[in-house]
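Next up: the structures, one after another.
Each of the next two complexes has subunit A plus one more chain, namely subunit B in the first and subunit C in the second.
Coming up: the complex of A and B.
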């Protein structure tokens, strides 16, 4: 008996010694601006990471799942990055905001730490300093160009207005949108900047109406878009204007805030939604959410799924790196995801593919439209924007 | 003069020249030298992430000295100090990336750019006072953010990366970044502090205080209040420009979000909490606010993880601005002279301790 005990203790000890601990870190806005999306995103990263440990996805490796609040403050993001990479030896970094990601580009290049962000700003993977930065899904720019293509198919020569956030996050797709509109024969009548303090949009909407803009494309977060939709409903413009938006404008967040004013809103996103329970990825989202006792609002949020996708990509890259996942191994793991080795965890509408030149993961997207109950239903299949590569050729 | 140049229990000054000395006693001089000596050793004992916070405190301290010059010493309310910092940061970034200037030239260019823009923005102070001037500086803050966000040269408010610096053959890398920059920021802060302390001893410095206390009385004494006000804006925004240049290099890239209105409010809070019109307050305010921010940030994350509140009620998000606002209100109500007054009282206590009279 004594011998068995000693033997089992030794085996446990040697097993423990063989287990490596690797940090999977995320830094983003759990509190502060955009925390409505950030808190759910963080929960997705954390839960998938815990699930990976429970499922022993990485043989011989225990993940140290760290999600840290940076309050949407770039200095805090840098502080967290320094701690994760300098002190915790994290081989990968999961980031959040556009500003923070842009500011970190040169540091990421220097440290060679593969990085995935919750911002899908195309500038993050544009040259220079773009070797180690990756977007999990298609960019905001591609979302918007796909929406323009949809408009052009419906009505050639239509007048379109853009409403964007007054930040690098909001402004960046404007250049690509203008180029695409020119090629598609659409007319961009106006580009207006609207932040999160847009309590009354009457003047803005009347201005767009007077210009004859029929399609309004938003590159913003759900809050400002919801206010615009409610004001459009009050002014009787909902039938006259078709409101649309890129990834962070739509989903549950929008219908919760805008109520029935969100009806008919067209949304471009690469993710499957909570209501698509027949999708294996969404089944997994529900299973993990229930396992870690997340509230209904969190599990239903598309940002919870987004967080899981980012964590899943990082963990898959670690798996491909072998027993000793360091930054170089994770990078190799990431750029191996193509062809027959592409990665498809089922959270997005297409597989995740990366290579040394391709830094966009799930490149497919769908357009969805909100119905009377506030649920978004797909109006296109999974597709890529045909024009995007032409207006924004990747180097 | 006091009986001893080493200790002093009262005011023994009999001439203006004595009144204008920077240090009343050798003990004060010695304590500053000891403090700087200790500060030079600080990076050897502090963890890397804490060193980053200390660097941030020092950069903010440079900007808060500038804000104190306009608001604290001259009485001109300024809600656009972060924009002046931003002007310095973008000017530094352009000097470093377009003109390929080394950091020791690029940062002063940031200061000069800040001073030039500050002088221009200060022009309304010739006609405006109090709340009206505050709104004018607020307008500048908004114009700055809009202007940068629409200027292709400034990457439309996106990021302009700065090259890594090299000092005495040591190149700043990811692993020694905070360490290298500590030793670059500290001397700048000390020099900027001493510089302002010396300006205060001159007629120009005293004229600012006279204008703050009563500009009509100052004019009656032969001071030109307009010149004094413009000078205050020029010097204050020079300090902000230098702080912006340091911040740009320290953050490795300039992004408009780092110079928004919320940062201006934060700098104003630092000046109020530290003590308006006080040099020690310019150091104590940033120290207090950055430390409070760090503590509350950790606290709010912990609270958020406890699931104490119903879904949809994000108490953790509210905690940070609440504590921040509460600190300002409490200081305004109970200690309007800020932490600098506590510093003054502590020094007074030790002047008489033990058993001096």
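Coming up: the complex of A and C.
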């Protein structure tokens, strides 16, 4: 009896010793600027990570789920990255902001830590120093080129204005948008920068109206766009101008802030939405959200789904790396996601595909339009921009 | 219709909100010579208290009044707990306390469901429907209500400081604390009242801003610093200065957006132009347009 007990204790201990702990870290804005998106994103990463542990998705591996607030501050992001990689031996890094991702590019290249961010800025995966950086979904640039293609189909020669955030996040797609507009026969009448404190947009909208701009594409966050839409409604421009935007402009955040002024806004995104309960990915979002007792607003947010996708991709890459996932293994796991081995957890409208050259995950996107109740309904199927790869060939 | 009058009207609308937000700085500085860097966070606190109450079914107007009362008491509490102990300390220490307070309040709001999120007031019936048109510029009922509320409070405080005994007492304390104390004035009471009144105006500004542009902690707290040029331009210790400074900044922002953004690639001149004017004014009048000129005799 005594021998049996000792033997089973030894067996248990050896199993415990075999169970390896691997850190899955995220650094982003839980507080500070853009925390309205970041807090839900963090919750998505954290909950999916916990769910993966509960489901024993990685045999022999227990994930150490770490989400850390960097307050949208690049210096904090860098410190978190150094701690995650240097002290916690994380084999992958989940980031958040455009600025932080761009600042870390050379460090990531040097340390060879595969990185996925919540910023879909194409510059993050542009050369140089782009071997280990990946976008989970289509870039802002591709969102905007797809919107321009939609406009060109509706009205060739139409006048388009761009309203962008005064930051790398906002400015980056402008070059690609200009090239695409040239090829599509559209005229970009103006590119204006609008930040988060835009309490009055009368002057901006009046000028765009005087230029004859009929389509207004936004590359911004939902707050400034909501204020523009409310002012456009007050000025009687909503029927005359068609407002549109890339991923971070739309969704629940926009309709909550803009109310009925968001009606007809056209939004490009790669994610399924909460209202699409028939999608397996959204069913999983709801299940995990309920399991970890998240509030309704969090679960409904597209950013919660986005956080889950980033975590799911990292965990799948670890799985493909085997039971000893290090950075090199995770990188190999990531670039194996193509062809029959593509990864489709159901959060985005297409499968996640990566290779040594392809660093954009779920490349498909849809255009959706807000209805009178503020819900976004798809107006296109899942698609890729036909023109994007021509205006922005990846190196 | 010509663009100019429309831009001027839009500038007055936004300027009146700036002026109201700036009033909190002035009330505190006028009585205690303290610049409160936590003012933006108090604006956010007021707005979120009102929002939370409306979520619980409280009528919007009543919620706004309760929020104003709550931040009135919060202002008093802050003065009592933190600032009273700092009387006689170097001004930089007092400023650091207010910067610390801004972080603490920010952190506390993050512990509530409203810290990281995007919210919008359900518009009360009185503020829905068609607004009015002024010189070709349509104004929403929210904007009109915002301007009226701001001007009402600004007018009330102007009257209070010029005509009421308490207001004159507060000005006396601001002019010379020692002299005021020697004639039996309770400086502590005046300080507490100034902080409380600043809290009250902060909530009013927060609710108006929340109605106009939605509620996010960053946006509401950020307005506290955005109006800083307003108070510097108007004069840190002048209620009239806050009104004129607010209107001027609002109008200048709109004029630059209307006439310069089309020339400057990328636009965004509204963020810079008021500061250019501010620098010019400060070169000529370092104490602002209506601020008290400090004369030191050596």
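As a working rule, the second predicted complex is superposed on the first by the 386 of 395 C-alpha atoms of A that agree within 3 Å, B and C clash if a C-alpha of one lies under 4 Å from a C-alpha of the other, contacts with A are read in each partner's own complex, and residues count from 1 in each chain.
Rule of thumb we're sticking to: a contact is a pair of C-beta atoms (placed from the backbone, for glycine too) under 8 Å apart; a residue touches a chain by one contact, two chains touch by 3 or more.
In this text the structure is predicted, and so the values were computed from the model without any measurement.
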Room on subunit A for both subunit B and subunit C (clash or fit): clash
First, second, both or neither for A:123, with subunit B first and subunit C second: first
Partner chain in contact with A:145 - subunit B first, subunit C second, else both or neither: neither
Which of subunit B and subunit C A:86 touches, first, second, both or neither: first
First, second, both or neither for A:194, with subunit B first and subunit C second: second
Contacts of A:295 with subunit B and subunit C, given as first, second, both or neither: both
Partner chain in contact with A:227 - subunit B first, subunit C second, else both or neither: second
A:30 touches, of subunit B and subunit C: first, second, both or neither? both
Touching partner for A:257 - first (subunit B), second (subunit C), both, neither: second
Contacts of A:205 with subunit B and subunit C, given as first, second, both or neither: neither
Segment of subunit C that clashes with subunit B, given the candidates 24-32, 60-68, 258-266 or 276-284: 276-284
Footprint overlap on subunit A, where subunit B in one structure and subunit C in the other make contact: 30-32, 35, 39, 166, 193, 295, 297
Residues of subunit A that touch subunit C when the two form their complex: 30-36, 38-40, 166, 190-197, 199-200, 202-204, 206-207, 222-223, 226-227, 230, 234-236, 253, 256-257, 259, 295, 297
Parts of subunit C lying in touch with subunit A, wherever the complex brings them together: 3, 6-7, 10-11, 13-14, 17, 106-107, 110, 113, 115-120, 123, 131, 137-140, 143, 209, 212-214, 216-219, 222-223, 226, 250, 253-255, 257-258, 261-262, 265-268, 270-271
Touch list for subunit B against partner subunit A, complex: 48-49, 52-53, 56, 145-146, 149, 155-159, 161, 164, 173-175, 177-178, 251-253, 255-258, 297, 300-301, 304, 311-312, 314, 316-317, 319-320
Residues of subunit A touching subunit B in the complex: 30-32, 35, 39, 68-69, 71, 74-76, 78-79, 82-83, 85-87, 99, 102-107, 110-111, 123, 129, 166-168, 171-172, 193, 295-298
